[in-house]
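What follows is subunit A paired twice: with subunit B in the first complex and subunit C in the second.
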Partner chain A sequence: MAGVTLREIVKEYGDVVAVDHVSLEVQDGEFVALVGPSGCGKTTTLNLVAGLLELTDGDILIGDKLINDLDPKDRDLAMVFQNYALYPNKKVYDNLAFPLKMRGTPKGEIAARVRKTAEILSIEHLLDRKPKQLSGGQQQRVALGRALVRNPKAFLMDEPLSNLDAKLRVQMRAELKRFHQEIGATVLYVTHDQMEAVTMADKMAVMSGGVLQQYGPPDEVYRHPVNVFVAGFVGSPSMNLLRAAVTAADGQGALRGTEGWLHPLSPANARRAAASSGDVMVGIRHNQVHLSREERPGWVETRVYTVEPTGDLTYVHLRLGGQLLVASADAEWRAAPDDRVWVEFDQGSLHLFDAQTELALPLADAVASGATVGSARAMATAG
Partner chain B sequence: MALSRARVLPVAPPRARRPRPGLFASIVRHWADYLYVAPALLVMVLVIGYPVVYTVYLSFFETPPRSGDWVWTGVGNYTETLGSARFWDTTRNTFYWTVGSTALAFVIGFGAALVVQRQFVGRGIVRAILLIPYVISHVAAAYVWRWFLHSDYGLVSGTLLDWGVIERPLVLFDSIRWVMPTVILVNVWKEFPFVMIMLLAGLQTVPDQLMRAAKVDGAGAWNRFWHVTVPHLKGVILITTLLLFVVNLNSFTLVYLMTGGGPAGASQLWITEIYNIAFRSLRYGEASAYSVVLFLIMLSMGYFYVKALTGGGKSQRRPA
Partner chain C sequence: MSANLSTGVGASGGSTADAGLDGRDARIAAAIATPTAPSRPAVRSRVQPATRRRARRRCRPTPIGVLGWVFLAVLLFFTVVPMAWMVSTSLKSSFAAIDQPPRWIPAEPTIVNYTKLLNPDETVGADFLRYMRNSVWVSTATTVLGLIVAVPASYAFSRFAFPGRDTLFFSVLVRNMFPTVVFLIPLFILMRRLTLVDSHWSLILTYLTFGLPLSIWLLKGFYDNIPVELEQAARIDGATRFQAFYLIVMPLSSPGIIATAIYAFIQGWNEYVYARTFIQSDRLLTMPVGLQKFFTEYASDWPGLMAASFIMSVPVVVLFLALQKYFVQALTEGAVKS
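Then we have the complex of A and B:
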């Protein structure tokens, strides 16, 4: 195993910049999840690392070795493709054996490793079938197996669990995590599913429009998004983002929403807001919105839009002017549409972003503890 | 009509237990389908069925050129044909020609397809040039090559003589030893573009993703070709070679115009021979018998041809 380093890598397709100066360091044995909306350049990044696409600019290192011009077969990486790419004419056994065969592994060892991998993935009974005779989920496991059967420098996985049913996905997630821990594998893992990123990854890289937005441990990305995009993308349901102007009310800093609502700011938050260009985006997660059935001073009046009981807790969608706001309440909380409800944003968990640059306005103590991470480049290009 | 009929049929019992429906019942149920193909079927019967029957009938008669009489000889024409050394020589020539042409055209065509599939400057022009032999008529090709390779006034022979590469004229079409390789080469020249187009079309459908997977799995160029490209092209390869095989088995124009089957029958093929018997010697009965024999041979090969084509499809659709 070895680490993988991307230095300012760029990939252009004609006018389209699919990957734009991405720098990323995956330490040896680290599990890094690459997340981002569809078309943001995740697959392209993976293909660049694998050597299947030619870099427009930048460097890729495996361990300490520069591999920009190395042939894919000599990079010693294993890859799981988004659409499986199984050899249709070969049986499952031969699909799994192929990468070993190509590297001249002795027959006996091939057999042993194929059996062991098949066991891990519960596909022993499928070894004699052709890919066409498998379900999508089974094919995906074979594709995964073809990577796991080897002992490469690093694993590249492109949404390897996307086609499994919910139960199998949770199970495979656990298997993958265990596999990663047992052999200390270096993994670069693309996923749409934030749960996968949060549960498995040591670090999470958020991409958008070919640009790396933020790179850090999942909980840190969740708690301290560096810009509006990351704030809105990470977490489910997504963070509430409201546009507001910074004003003062009752001798205290406050936010005035475009719809006219007024919400006071704590002194610390007021100082942050003061650093903005005047307009801010307020970010607040559903579980940091306090609800009240009675009017309270300083609270904002809203109307109930819908109530979604989920069993563990209840999501309450509220109308605030023309915008919708999601809050969560305990499992028994109920209300009828158009009921009046007053809300307060938890001052300690309020995210403030400059409306113009869309960058986070730093929290004084957070900056001191160095919690807000993200490459300078990501911050500079995010706006 | 057919649809409404299908709808009133009772629900079928579980598949495994149901006996196969009788042939007659099946025909009755699909009567409308037969109606649709009836016009085509009728034309086929007229232009194929009638001549076949007529030829088989004629093959039992002797038809002396000078009189209009037909004389019944029973299987005389057959015993004479199959018993002659000439028939077996021609058969050997025909298989030499067919196997040789098909194999060579396939190898060269495949190679050409692989080359022109790559990206390079002028690829379009190269592709177009390589297609020329295919679009030239057989007649033109035959005359051009005859002129090229003629031993006395041929371009090749003359040039080589002038340059002093050879001392005596290059005898190809007039040499019993060299005539077959020569006509086969011309035929390959004519046919390889067909293989090239067919395989080029196939090559363009090789999934990119599969090639990438093979690269990551450590497969070099040869292994990628062998483990990804060839399996993917299997169907196209099968169809192309079989089509070529059948076409070559029935060749006439090229050989007839270049050598007329000579010298001394050294390049005689089945069809050129039948042509000579029928329209030169005017022995229609014997030519008919000859044709019937070929018909039977080709029919049995056609059986394997169809089986290979449909069998390939069946194995892919086999359920888990």
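Then we have the complex of A and C:
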């Protein structure tokens, strides 16, 4: 195993810049999830690392070896494709044996390793079948097996679970994670599904429009999105994002939304908001919106749009001017459409972004950047 | 903080802790996770509506369906009757062949016409077998050479983006937009310059100019349908580009290659006009022209002619029957893009 380093990599297709100066360091043994909306360049990035595409610019290193011009076969990587890419005319056994055969492994050893891999993935009984005769989940295991059968420097996986049904996906997720922990594999993992990223990855890289937006542990990305895009992309339901002007009311900093609402700011948040060049974007997660059925000073009046009970908790969609706002409440919480509900945004976890640059406004000066996660947790428990 | 002081309805999302994860991680996980992404529809489903529609059509005949059947029946009549007549006549004696009224079933069937044709000690047999050998050689050479060019060419058209690719691809077909006779004189002059007139190579080269464009088209459709990820996977698994093609793509495209081969072979086997024009020596004649010679030399020997015609059609029919599975697969899979 070895780490993978991307340095300012660029891939252009004519005028389209599919990957735009992406730098990323995957440590040896780390599981990194690459997430982003469709067409943001995830597959392209992976294919660049695999050597299936030529770099327009930048460097790719495996371990500390520069591999820009190396043929895919010489990079010593294994890849799991989104559509599995099993060799349809070969039996499962030969699919698994192929990477070993190509590298001149002796026959006896091939047989032993194929058996062992098949055992790990519980596909021993399928070795004589053709890929067409397998279910989606079985094909997925074979695809995984073809990667695991060798001992490559790193694994590249392009949405390997996306074709599975929800239940199988959860099961395979657990198995992949266990596999990663057991062999300490370096994994670069592309996914649409944030749950996969959060549950499996050590680090999460969020891409948009070919640009790497943020790279860090999932909970850090979740708690401290660096810009409006990451804030809106990471988390489900999506973070509520409202545009507001910074004003003052009752001698206190406040936000005036474009929809006309007024919400006070704590002194710390007021200082942050003041740093903005103009309007701010307020980001607030569903579980940080407090609800009240009675009017309260400083709270914002909204109307109920729909109520979605999910079993564990209830999502409440609220109308605020022309905007929809989602909040979550207890499982038993119910209301009729158009009921009046007052909301307050939790000051401790308010996200503020400069509406112009869309970048996060730094937390109050007292809080050093290194301590951000701890302080957020402290605030939550202090309340 | 205000959250806990308020008597408003609590809005904490923290009640979702799973058993396996500690509370904080589970909360984040639950919050970050999107509802499961819509899974892509299985490829299988693509086929179903068509099948269902066909099934329905079978139950209730539509006017168009009936017309279709009538059309097919007429077509079948026109193809089968001459064949049947050919076989019937070939099994008769010369006298029986001109009996009036004609009989479908020979009164005294004989295979003497066949044994004569296939006996190298008889003049007719020697000629016939030589024509056959010539035809086999020309058709086989055309097929093999055609494939040697068409396979890599169509693969390149399918996989690589190079300047002028589309223009080149369409220009390949220009040759097939003109009636074949248009090229008869120019090609004859060309072959004379190349001193290839009255040689099998003049025919092989000419047949390649017909066959190659269509072979390339047919095969390209086939390669387009083989996911490029298969080759990519092979290359990551340690294959060179050529090995990926040779070990993975080639076997998958074998139905297409076989279909193309049948097509090219039949073209060469049946071609008459060029063979008639380019070949002058009797010892080089191919079967269609040789057969025509029989007409003039043995004009009254209808059963002999019919037997020769029948033998000539056998390889084509056998080839086609043996490999029709691939042919159909090639036409459907190659043509229908997913």
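Basically, the second predicted complex is superposed on the first by the 366 of 383 C-alpha atoms of A that agree within 3 Å, B and C clash if a C-alpha of one lies under 4 Å from a C-alpha of the other, contacts with A are read in each partner's own complex, and residues count from 1 in each chain.
Throughout what follows, a contact is a pair of C-beta atoms (placed from the backbone, for glycine too) under 8 Å apart; a residue touches a chain by one contact, two chains touch by 3 or more.
As the structure is a computational prediction, the values presented were derived from the model and not from experiment.
Peer 1: Clash or fit: subunit B and subunit C on subunit A?
Peer 2: On the superposed model, which is not a single observed complex, subunit B and subunit C clash.
Peer 1: For A:R103, select first, second, both or neither according to whether it touches subunit B, subunit C, the two together, or no partner.
Peer 2: So A:R103 meets both subunit B and subunit C here.
Peer 1: Now for A:N227: first (subunit B), second (subunit C), both, or neither, which partner does it touch?
Peer 2: neither
Peer 1: Just checking: does A:D346 make contact with subunit B only, subunit C only, both, or neither of them? Give me first, second, both or neither.
Peer 2: The second partner, subunit C, only.
Peer 1: Spot which of subunit B and subunit C makes contact with more residues of subunit A, would you?
Peer 2: More residues of subunit A are touched by C.
Peer 1: Quick check for you: in the superposed arrangement, does A:T43 touch first (subunit B), second (subunit C), both or neither?
Peer 2: After superposition on chain A, A:T43 lies in contact with neither partner.
Peer 1: Between subunit B (first) and subunit C (second), which does A:T302 come into contact with in this model arrangement: first, second, both, or neither?
Peer 2: It touches nothing on subunit B or subunit C.
Peer 1: For A:A331 in the superposed arrangement: first (subunit B), second (subunit C), both or neither?
Peer 2: second
Peer 1: Name the contact category of A:H290: first (subunit B only), second (subunit C only), both, or neither.
Peer 2: second
Peer 1: Just subunit B (first), just subunit C (second), both, or neither: which does A:T186 touch?
Peer 2: neither
Peer 1: Per the contact definition in the header, classify A:N269: touching subunit B only (first), subunit C only (second), both, or neither.
Peer 2: neither
Peer 1: Quick check on the output: what are the common subunit A residues between the subunit B footprint and the subunit C footprint?
Peer 2: Residues 47, 50-52, 71-73, 75, 77-79, 81, 83, 85, 87-89, 98-99, 102-103, 146 of subunit A touch both subunit B and subunit C.
Peer 1: Applying the document's contact rule, which stretches of subunit A touch subunit C when the two form their complex?
Peer 2: Counting only subunit A, the residues touching subunit C are 47, 50-52, 71-73, 75, 77-79, 81, 83, 85, 87-89, 98-99, 102-103, 136, 146, 162-166, 169, 192-195, 197-199, 218-219, 222, 234-236, 285-294, 296, 312-313, 327-331, 333, 342, 344, 346-348, 382-383.
Peer 1: Per the contact definition, I'd like the list of subunit A residues that touch subunit B in the complex.
Peer 2: Interface residues on the subunit A side: 47, 50-52, 71-73, 75, 77-79, 81, 83, 85-90, 98-99, 102-103, 129, 132-134, 146.
Peer 1: Spell out the residues on subunit C that touch subunit A in their complex, using ranges where they run on.
Peer 2: Per the touch definition, subunit C meets subunit A at residues 1-4, 6-16, 24-25, 28-37, 39-40, 42, 227, 229-230, 232-240, 243, 248, 251-252.
Peer 1: Show which residues of subunit B lie in contact with subunit A when the two form their complex.
Peer 2: 207, 209-210, 212-220, 223, 227-228, 231-232, 234, 316, 318-320
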